[in-house]
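In the two complexes below, chain A is the common chain; its partner is chain B in one and chain C in the other.
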Partner chain A sequence: MNVFDIIFTTDFGYMIFRVTTPILFTALGAMISRRAGIMNISLEGLMLVGALFGVIGSTYSQSVIVGVLTAVVASLLLSLIFAYFVLKLKSDLILTGIALNLAASGGTVFLLSILCGDKGVSTSMNSLVVPNIEIPLIKDIPVLGEIISGHNVLTYVSLLCVVIVYLLINKSPMGLRIRSVGENPDAAESVGISVIKTRFIALIFTGILGGLGGAYMSMGYVSWFARDMAAGRGYMALAAQNLGNGTPIGTFLSSFIFGIADALSSTLQVLSLPAEFIQMIPYVTTIVGLILYAMNRKHKANKLRARL
Partner chain B sequence: MSDQYILEMRGITKVYPNGFIANKDVNLAVREGEIHALVGENGAGKSTLMKVLFGVESHEEGEILLHGKPVNITDPISAIDMGIGMVHQHFMLVPSLTVAENIVLGREPKKYGTLIDMAKAVRDTQEICEKYNLKVDPTARVRDLPVGMKQKVEILKALYRNAQVLILDEPTAVLTPQETAELFVELKNMRDSGHTIIFISHKLNEVKELCDRVTVLRLGRTVGTADLDGLTEQEISRMMGGRDVILEIQKDAAEPKDTVLSVKDLSLNSSDGRPILRNINFNVRAGEILGVAGVEGNGQRELSEIITGLHAFTRGEIEIGGESIKGKSVKQIRRMGVSHISEDRMTYGIAARAGVEENVISDRYDMPEYCKSGFLRFKEIHKLTERLIQEFRIKCDDVNQPVRMLSGGNMQKVVAAREFSLEPKLSIVNQPTRGIDVGATEFVRNKIVELRDQGTAVLLISADLNEILELSDSLIVMHGGEIVAYLPDSQKVTEEELGEYMLGIRKQEPEEIRGVLHEC
Partner chain C sequence: MSVKRIEKIMDIAKTLVAVLISFAITILLICLVSSTPGETIRDFFLGPFDTVRRMGNIIEMAIPILFTSCAICIMYSTGHINMGTSGCFYIGGLSGSAIAFGFQSISGLHPVLCLIFGGLIGALTAAIPAVLRIKWDINEIVSSLMINYIVQYLGAYLLRNFMLDPTAGFNASIAYEETAKLPTIISGTRIHFGLIIAIAVVVFSYVFLKKTKWGYQIRMMGYNDRFAVYSGMGVTGILLSSQMIGGFLAGMGGATEVLGMYNRFEWAAAPTAGFDGIMVAAIAHRNPVMVPIAALFLAYIRVGADVISRTSDVPAEIVSIIQGVIIMLVGAQMFLSKLRHREIVKASARELAKEESK
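Moving on to the complex of A and B:
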């Protein structure tokens, strides 16, 4: 089987949407933080916590909705802790992010082993998954229907979130305030906008989106929680929003690039290349993407400088 | 009596946490519908007083009355709510947003209950623009606007918030003469439509032209308030008292020798494509001080940063002692015999938390005298530091005292001690006496002359006219990134003449400017 036989299939197209979903949720969250002036590396932790609490919530309530809500609330609380440390206690952004990520990584395993005696996966818990839905009419279109219909509800929610975040950032008063706080906090303060309050609100949105990303990981992408299952997606999301220049549409498009890379790394494992090499693809893409972004920006700046 | 005043500040005293008394029992009474000037030298307490009024700083004693009633202004928001608006010297705008977005920020008109009604924001902006005859395009991005326009946006911001009393903190400092004239027309318009304006300035001709009454501050105290009718500039100047102490520097005529620094066809654009330096050509010779005069922000900073290697350049050529500095690092350039007093003392001048000694050796710690097989020779370093502390009369407790604990003047002496003690071939001296006391100022200036007499080529950049005329042998004037004049003898230049060049009203012919190349 050669590479093209694998890529040019509807299965591969379907897969792209499937693997893009968690990155997209989280990247939108990262984007809102960034626009408020916060480089938020805690998304990895938010996702993990969201993923575990999705499993816990749905296991004990036997309700999908309660499961997703539990995931969102857990992630939101973690985000508020982050906000409290960074905004109120003025601790360092990056160090706080690392601390929360490590705590989330260890804490979820700890909780997992208490709940089901297993330090690896939660398969012994009877958790639920968010259902897939077929979209009427579209599902009957050849090729396209197979690619974009029949996805997890959360996949469609993530696409809807692009629109919502777009309206929030670009069209709403809160978005204008978030942007002004991120770009020139003094200007915002001078017209009576509280910088800390606005950033708190931005981190609430980030928490919700990170929780949704986490819930999708354990209640859609797979049907269990596994230790460190975010696998760097929180950082990829950060790279994706950067590549997307902090705009909702840009973030959406670059999330798809990362999704494609992720899909490739899953699908190409059937080839006779070493698995470790293939698994590298998303991470190499992240680095290449950031390099291209930086080069492009520098090139533009140089062109302007050279103009007479 | 007091009801004729819209705003009164009575007996305001403001003491900063470090014990500095910025305002002592200051009184200010402003009538409704007047343009009231607040004048005084740098450090007279004008800005502090306005920060108290706008709620940025709290005051220890005194009261503020608005429409005759005492008010408690705790923060800028409460000031805005009471109808006080402020146009800061440093604009409080968000560059990537449009004019309309900046204006409605924090008070956005809404539609469907949740989204911003952008059409209404633009309409509202246009409405105030027309009402006060301020011409700004509401849909333009603020980052694309020239400075004068940005200032209009700031004024509109205050008017949108229904400011009745508008404070302008040195609004003309950044404007061209044309923009200033335009601003004055607009301000008079606003006064005629019932607004009260407090105009902070130390340019007396502007005050005389624009304002109705004036309050003079000196050293944190009120000197008095007077009608401007029938008051001459000289009289105001006398009230301001003790103009910047005019320091006479003793120096002999320069004896210039060979060219040390030569700058050829240097041009530079900012990262967004605006020209900062245009075709700069000049030479500085050993044993002379070439002054660079100009309103700040006309390329002086970039020029000094390029020559010292802090800023890269691509177009043009710079040679020091005949050797190009293109592509060389700051250290390589320094080792060519260049020293640099940066205008940004806290960033490039000193390491605030490091001790005097560490600051002094930061440019020579790896020279064989002070470093042997990878270890510092502290005995030599102590000796050097002690010698420099003596020679530069640095007041400090010991050689390891963190520099941030020193006064501004002593900090600058630490910088000078380092920069002047390696017998530089070329010294780039940018705002050497800004914000430091008279004693230190005199000391640093004398040191610069001493350096010249030892045969160093000195490029002196200063916004202080007094300093530039007193200290430099010849001078060039920069405006809009260009050299607009070369004045071979600083002694023969009047402040008026210099002022006209600095503001770009006058410009010399290219042949005259070429004089600075000393070709014959």
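Moving on to the complex of A and C:
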């Protein structure tokens, strides 16, 4: 079997959507933070907490909706703690992010071990998954139907979120405030926009999106919580919004690039390539992508300068 | 008391209050979770001092953290946040191991070669985000996090294909030559010669950062890089060299750790030492002199958590919650800022009164 036989299949196309979803949610969250002027590395932790609480919520309520809501609320609360420290107590952004991620990584295992006596996975908990849905009409289109239809509800929600975030950032008064606070906080303050309040709101959105990404991990991508299951996706999301230059569409496209890299890394394992190199793909892609983007930007700047 | 003195005391006070708050949270958590809270709390706080072996554990655990946190002190003093120490530490351990079993040498020289090679590879790893920053202005936080993952997979590949000893019975490299290992220096514990190297690294970092022109330039760049450029410092050179020195220390730490504590290379993933370094450097306010205290403290609560995870029903992961709380409070500028402000105002008023009465 060669590489193309694997890539040009509807299964592969389907898989890209499946693996892009968590990155897309968190990348949109990271993007909103960034537009408000906050380099948010706490998304890794938000995702983990969301994933665990999705499992807990759905186990104890036996309701999918309550499960997802629990995930979102838990992630939101963590994001508010982050906001309180960063905005009110003037903590260092990166340090607070690292502290939260470490606390989330250990804290989720702590909670897991207390709730089900296992430090690895939550399979002994009877948690639920968000169902997959077939889209009428589209599902009957050959090829495209097989790729686009039949996904997890949250996958469609993530695509919807791209539109919502686009409208929020580019078309709403709140988006204008968020952007102005990110671009020039002093100028924003001078025209009466509260920088702290606006950033709080931006971090609330980030918390919600991080929670949705986490919920998808444990209630869609797989049906359990596993320790450190975010596996760097929060950091990858940060890279994706960076590559997408902080625009919703750019973030959406670059999330897909990471999704493709991620999908490749799980499908190419049937080939005789060393598994480690395939697992490296998403991370190498990130760096190569950032270099290409930077080169392009430099090239454009030079061109503009030449015209002057 | 001068204002500067008050600021220093307040910094220490803030750290102590942060520790106390985190301990209060720990006690609360233990009471909630444990069926034998009294004993568990005792074991957590006093357990690490019960036996010589456990006290030894504290010091063993602090050794790698000393290396990485000194590395962070130097790297972060430029204001450049390279998160790659974790990768440097891992790859340093792997490269040091390669020399430790791949070559024959005399016992005094062999570990030195391992440490230098581990350090060099660590320095090269740490240089990548710096070069990306200098050449293309790529955010070093993102790139260094990605490099940590790449380095881990590369290490796993090298271990599986070139270093594996099939007779070991588990995923580990060929056993090190006896000449390469760092000897144990205190019997009854596993404290090894690496402790002395680590102390030397702390002293070096202090002198380098606080007493040399090079270190001054590094710190000046961190305070205000425009001023550094304006006054004619070669900022790119300072940035690159500081990151490489930090990477060297972290890589050397990795090599020291494997040669002192293991007989074969067996890390499946990067140990936590890299991120521990970031925390310890933060608690120590990036001052190498304070690093040993902060590192010992971190090791102490880890050993405490280890003890209770074996003697009670509380999982050892409780420690990461304690760490998180401490780091967040220590990092918070406004935490206890009113008290600081009041003390400084009081001191200044006293000074003023003294001046006027003259």
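Here is the rule we go by: the second predicted complex is superposed on the first by the 304 of 308 C-alpha atoms of A that agree within 3 Å, B and C clash if a C-alpha of one lies under 4 Å from a C-alpha of the other, contacts with A are read in each partner's own complex, and residues count from 1 in each chain.
Convention: a residue touches a chain if its C-beta (ideal position, glycine included) is under 8 Å from a C-beta of that chain, and two chains touch if they have at least 3 such contacts.
Model, not experiment: these values are computed from the prediction.
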Partner chain in contact with A:180 - chain B first, chain C second, else both or neither: first
First (chain B), second (chain C), both or neither touched by A:123: neither
Partner chain(s) touched by A:172 [first = chain B, second = chain C, both, neither]: first
Which of chain B and chain C A:114 touches, first, second, both or neither: second
Residue contacts with chain A in the superposition, chain B compared against chain C: C
Partner chain in contact with A:95 - chain B first, chain C second, else both or neither: second
Partner chain in contact with A:223 - chain B first, chain C second, else both or neither: neither
Which superposed partner A:9 touches (first chain B, second chain C, both, neither): neither
Contacts of A:290 with chain B and chain C, given as first, second, both or neither: second
First, second, both or neither for A:189, with chain B first and chain C second: first
In the complex with chain C, residue positions of chain A that touch it: 39, 41, 85, 88-92, 94-96, 98-100, 102-107, 109-110, 113-114, 119, 232, 235, 238-239, 242, 274, 276-277, 279-280, 283-284, 286-287, 290-291, 294-295, 298
Interfacial residue positions of chain A with respect to chain B in the complex: 167, 171-173, 176-177, 179-180, 183-184, 186-193, 301, 304-308
Touch list for chain C against partner chain A, complex: 33, 81, 132, 136-139, 141-143, 145-147, 149-150, 153-154, 156-157, 160-161, 275, 278-279, 282, 315, 317-321, 323-325, 327-328, 331-335
Chain A contact footprint on chain B (complex, rising order): 76-77, 80, 86, 88, 90-97, 101-102, 105-108, 110, 114-116, 118, 157, 161, 267-273, 275, 314
